[in-house]
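Below, subunit A partners subunit B and then partners subunit C, in two separate complexes.
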Partner chain A sequence: MAAEPNAAPARPSDTTNHGMRVVVAWLVLSAIATPLVAIFVGHLIPPGNASTQGTEQVFDNTWMLGILTPVICAVPGAVVDGPPLRNDSQIQVLWIVITSTMVLFLAGFGTYELLQNGAGGGQGPNPIAVPTGPKLQVQVIGQQWQFTYRYPSLGNIESNQLVLPADTDVELHVTSLDVIHSFWAYELGVKADANPGTDNVAFVRTKGTGTFHVRCAELCGLWHGYMYNNGRVVDSAQFKSWASQAKKIYASIKPYMDKPEAQGGAPFGHTYLPAPERRAG
Partner chain B sequence: MTDVVAVPLWRRLLGFNLLTGAVLGVVGWYVGWFGAHAISGPSIGYFGDTEYNQLSIYLAYIGGVVGFLVGLGFFNYPLARLRGYPPSLREKEGGGIGRYFGLCTDHKVVGIQYLWGIGLFFFIGGLNAMLIRTELLRPSHQVFPAGTYLTIVGLHGTMMMGIMSSGILGPFANYLIPIMIGARRMAFPRIEALTFWLLMAAGAILTTSVFFGGFPTGWTGYAPLQSQANAGMDNYILFFALVGISMTLLGLNMIATILTMRAPGLTWTRLPIFVWGVLSTAVLMVLAAPVLVATLAMGALDRTAQTSFFIAAAGGSSYLYQNLFWVFGHPEVYILALPGFAIVLELLPVFSRKPLWGYRLSVAGLLGVSLLSWFVWQHHLFVSGINGDLRPFYMLSTELISIPTGFTFLCGMMTLWRGNIRFTVPMLFCLAWFFNFLIGGLSGVFLSDVPSDVTTHGSFFSMAHFHYTIMGGLIFTFFAAIYYWVPKMTGWQLNQRLGKIHFWTMFIFFNSTFFPLFIAGFEGQPRRVVTYAHHLQFLNDWVSISAFCLGISMLIFLFNLVWSLAFAKKPAEANPWSSRSIEFQLPSPVPVHNFDRIPVFSSDPYGYGEGPVPSWVPAGQPAGRE
Partner chain C sequence: MRVGVKLLLIAAAVTAAGVLIGFYVSHLTKLAGSPAYSVPVQNAGSGHPVVNLEIQTVAAVGPKLSQNPNWVSYLVKDNGQWERKTVWDLPAHATVNVTIYNFDGASALRNPFYARPQGMVGNRIMVDGKPVDHIDPNDASHTFAVPALGIILAIPGVADDAKNQCGYAPCQMSNAHRTIKFTFHTTTPGHFRWQCFVPCAAGWIDGFGGPMQTIGYMDGFLNVKAA
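On to the complex of A and B.
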């Protein structure tokens, strides 16, 4: 069990230096790597700057790449042969302290980011991270194999394209008519599963105008691979004109969701059963 | 031997063996099929558009499995006991090659059966992966119809997760645990044989799902898509249920053996770390797999008996399935990973000629991972709309699991530190584990952090992550174990030069296949899609070509295995690696009853540099080949 007698007195301080060196090297490399990641591959970091939540996710992904990349570089190589070392409690304690600190820091930071505004993820029917101020409500209805977007504030029209006004807080209510889908608006940094019978709420604040991609991110059957379309973020004047046009176009089309009154007053009912003539596939 | 040869071949084929099992399996299948049609008409599911008699599929396959087990002779002993015959512990252990094709209670025979059986399904799963990558050469769907593609994806995932759950415990734990703990058999030898044959029946059931239209759900089988899918889905349910039963029994057998059958002197701190790894995995198996079986039973009832456990509009919940599945599913990924940790820690001391550093810490790491793995499952549901308050907790618990995992890394690296490292083929695979699992673990941080999980969840990023942990973690150590122990198990050497070629091609093309998929996921390519964005074609083509090369690397291994064991046939030494572990103090292959006298242990097997190997194995050991 005993270590080499000659080496024993010299080792504790030796170890501490090693440990400190690793920590210092890691901090220094992280401090160097994070801006490098941000500058050189910053434009590649997902999901982009189309929404506040998206920007925060870019920040999150950037610093995580920044502090985690040095870990790969710092994995030590092995050296020449030596004595039958069985244990060293100092190294163990140092290791546990470092990993625990890192883990608690990551969890703490993740929680802080999450509680800011929900980070664009689906929060279920009773969201805890709710942005203050007025919000545009949109219900996202998933079904095999398309998404439909219902605007309660525009006379409950149901559009097959998601059009959002710029610089606005949007409250998305995601639900499904049949199986589990996942509403993934990539550039907006939104992902929320569409579960039948559930109202899954996600928040996003749009930034500027542009287009974004919507894909289904949960395997939902045969044409899952084709369940995508584009959405648009437009300025408020364009949004108003789109809304008035859409009211006319979609007024004659039978909606998937009943009027709130028919669902006991709940604004985002999910008790809808697909009528046979409206079933896709 | 001579009297066996005198019996004509047709007489030898007539007994209780694989052939009889297959024949009675087919008979049982049809009995169940027509029996079900006699008692029930076509099912009417909630989704209302199935014209199949679902019950007939279930009863047919259950009848088939029972017939298969009857033909293999699993009912002989219970019936004999009912008729008053005395109890016996072992059967069918003599004889030549025939014992590999039937019920055999020799744990070493079962280990080798597992190795080939699992190898077969691993090969089929790998072929499916090649087909997936062929389809993804072009952004729109080209080679397979969308439904066929989903079936291939599902078959690949289900085959790998289901069969490879027993990938280390099946072949290596069954073979080595009794030897390592100084016993002559497992605690329940017939159950041991049963776990293997159930797994083979399960594999056959899953493969035949293609005759019933396949299944569209991938390996997770999410309801209500599951409730809606066509008849091939029933094969998935039966497959995973049988795998669950097999895993539960395997785990129970391992726990019972390790707890009760250790030789004198083998205290808990002297157990080889591999035994600890198997024990912690077995606990997970016993507790997790029954949840899976129960979940699938509900799914089967939804499909056949018009219950609605998972159908929201009829009072059920799709969250129920997701929660139950991942209560099993997350321990399941550690069922895959933990034996890998154990093999790395077991092999590093041998090839760095140093004792295992921090024995207690590495045990704490294994047990800590298996404990924490129960508290993390909802990270699979971060964006699904679970209770928002729970997410910070699951984020913390998921990230906490990297602390005990870190113990394994620390103990492994400190074992290497100042060691006299020999870069043999098994050692190379273990060192590759460090790199692969590090990438897998670091990418896991992105998935455990809710804000970044919103981007990466359900994308190719998570797919690359779990291939780094499971393929990089389990399959690499699986090959390390093969190169390390197969000479001991079979008595024939494996070719080391081909082994090195296999390692380097596999390591390079594994990384070249899966690393770009992180980028594809970051760029927004979801999992399990038959189409993807045009600008991702270069990445996907790169990945596909690398994957084909990875497939070729596997063929090099297969060639090595067949060449070395069937043609070259160079006898293996008793201790080719100068290991201090007890299995290498026995002749190769290990004789039928392992030890003439039960060994008495006086230390752990890691005393490298601490004097000669203690004489654990008492004198009088039979020498040479069987």
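On to the complex of A and C.
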């Protein structure tokens, strides 16, 4: 009796076992690779451990790199395609189930991470994932081509360097005075769009003292590439001292910082709208 | 095509793109059309160089100096002539005495934070001969800012009703103007961009197009070079 032309080729009897062996080998190798990745390249994994959110991202990146490592190592030996598998419903179902499970797991895991504390991302003007407890409010103001930072709870002082106290929950209100920018405090694991007329709220909990990089992550014009700076996380005493010093330094412009925007000032507000063009020249 | 050949081609394409981008960035100032101006050193032999930098800010650069005559611009005094050059070579570890003559009206700062001069000697500037530690943000015409050196200062504008206002540049000292003086020190060699923070580009959306986005007008570089 002749075989039908589109019939599935006979699968080797050990195909299922082979697939199972691959999965088991992957799991075992991943379990071995993950701690090795953490030990040997953990310090290189972005974004760093300057904040709780940053540490969580390092953890995620570490285990993802851990389960990828066996695949990466196996690729050189797997470049040659195997025999084609056609009309094999078992393989098709397995493929759909596995890939769907992976996608749903990543979606669920991502949602869980976001709902914990926002994962360092901007949540818009009405954040859902709000950490409990007191928080230091800082308004991050993007302007072509520099970020400045206003501290409403410290008398509206403003600085062109982001200085934060260690082990503190910080509520960042990110906005822009002109075009779209993106506030990216790399080692803190914070990235939030800075849009004109929008108050984009992000949360971060600082850890130990140190420095971090801030740069714009949205192409914003001529000097976008130069729109970077260093920030500092300092201990509580140093932060108080810095704030006290800043109040003295910027005392001469405090009346303008405190004035309502309608009267030509620019007080802290959750929405920082650009002033109309008033060029006389 | 073999995998190795494909990878080689991709690597070659990425390298070529990287070289082109690097070439563009390294030649950014030349491609942007602003020749460099080496600010003459007053006392090169003394070990502590001093330079004097004279600048104009004008509302309209004029047809003699640009193909965009209505663009707002900085000009620098080079050998007695006002030139549209915004890339300035300065010696390292030098004292730089800057004089800015502003012939433009006020536009106002978007952020009053920039109303306080900082980064120069004493964190003060002289405006028309008087020392000031801030200006009214609404009176600001332009700023001169070198963010990497921490230098920011707002330049007050000419009153709207001032007589004999300058039309096209180069402007004369008989035209209505404000005079701003300050001193700063250069540090180690480096390539530092400077810019204006006031959205002063008339006719562009929110005042931030054209001359604000083009080196040679309201933006430039300080090339701080070892003596």
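Basically, the second predicted complex is superposed on the first by the 225 of 281 C-alpha atoms of A that agree within 3 Å, B and C clash if a C-alpha of one lies under 4 Å from a C-alpha of the other, contacts with A are read in each partner's own complex, and residues count from 1 in each chain.
Just so we're on the same page, a contact is a pair of C-beta atoms (placed from the backbone, for glycine too) under 8 Å apart; a residue touches a chain by one contact, two chains touch by 3 or more.
Note that the coordinates shown come from a computational prediction; the quantities given were computed from them, not determined experimentally.
By the touch criterion stated above, A:106 is placed in contact with subunit B alone, subunit C being left untouched.
When the shared chain is aligned, subunit C comes close enough to touch A:143, but subunit B does not.
Of the two partner chains placed by superposition, only subunit B is touched by A:126; subunit C is not.
When the two structures are aligned on the shared chain, A:221 is found in touch with subunit B and with subunit C.
Touched residues of subunit A, counted separately for subunit B and subunit C, are more numerous for B. Contacts of A:186 after superposition on the shared chain: subunit B is touched, whereas subunit C is not.
Contact with subunit B, but none with subunit C, is seen for A:64 once the two complexes are overlaid on the shared chain.
By the touch criterion defined above, A:171 reaches neither subunit B nor subunit C. Using the contact criterion defined above for the overlaid structures, shared-chain residue A:45 touches subunit B, although it does not reach subunit C.
For the contact definition in use here, the residues of subunit A common to its subunit B contact set and its subunit C contact set are 79, 178-179, 221-223, 225-226. Residues of subunit C that touch subunit A in their complex: 3, 25, 59-60, 72, 104-108, 110-113, 115-116, 118, 123, 133-134, 136-138, 141, 145, 147-148, 150, 152, 157, 160, 193, 195, 197, 199-200, 202, 206-208, 212-215, 219.
Interface residues of subunit B, counted against subunit A in their complex, comprise 141, 146-147, 149-150, 216-218, 220, 222, 224-225, 228-229, 311-313, 317-319, 322, 352-361, 381-389, 391-392, 395-396, 399-400, 402-403, 406-407, 410, 413-414, 416-421, 434-435, 438-439, 442, 445-446, 448-455, 457-459, 522-524, 526-531, 533, 607-610. Subunit A makes touch with subunit B in their complex at residues 44-47, 53, 56-57, 60-61, 64, 68, 71-72, 75-76, 78-88, 91-92, 95-96, 99-100, 103-104, 106-107, 110-111, 113-115, 118-129, 174, 178-180, 182, 184, 186, 189-193, 195-202, 213, 215-226, 271, 273. The part of subunit A that touches subunit C in the complex is made up of residues 79, 141, 143-146, 148, 150, 158, 160, 177-179, 221-223, 225-226, 229, 249-250, 252-253, 256-257, 264-266, 274-275, 277-281.
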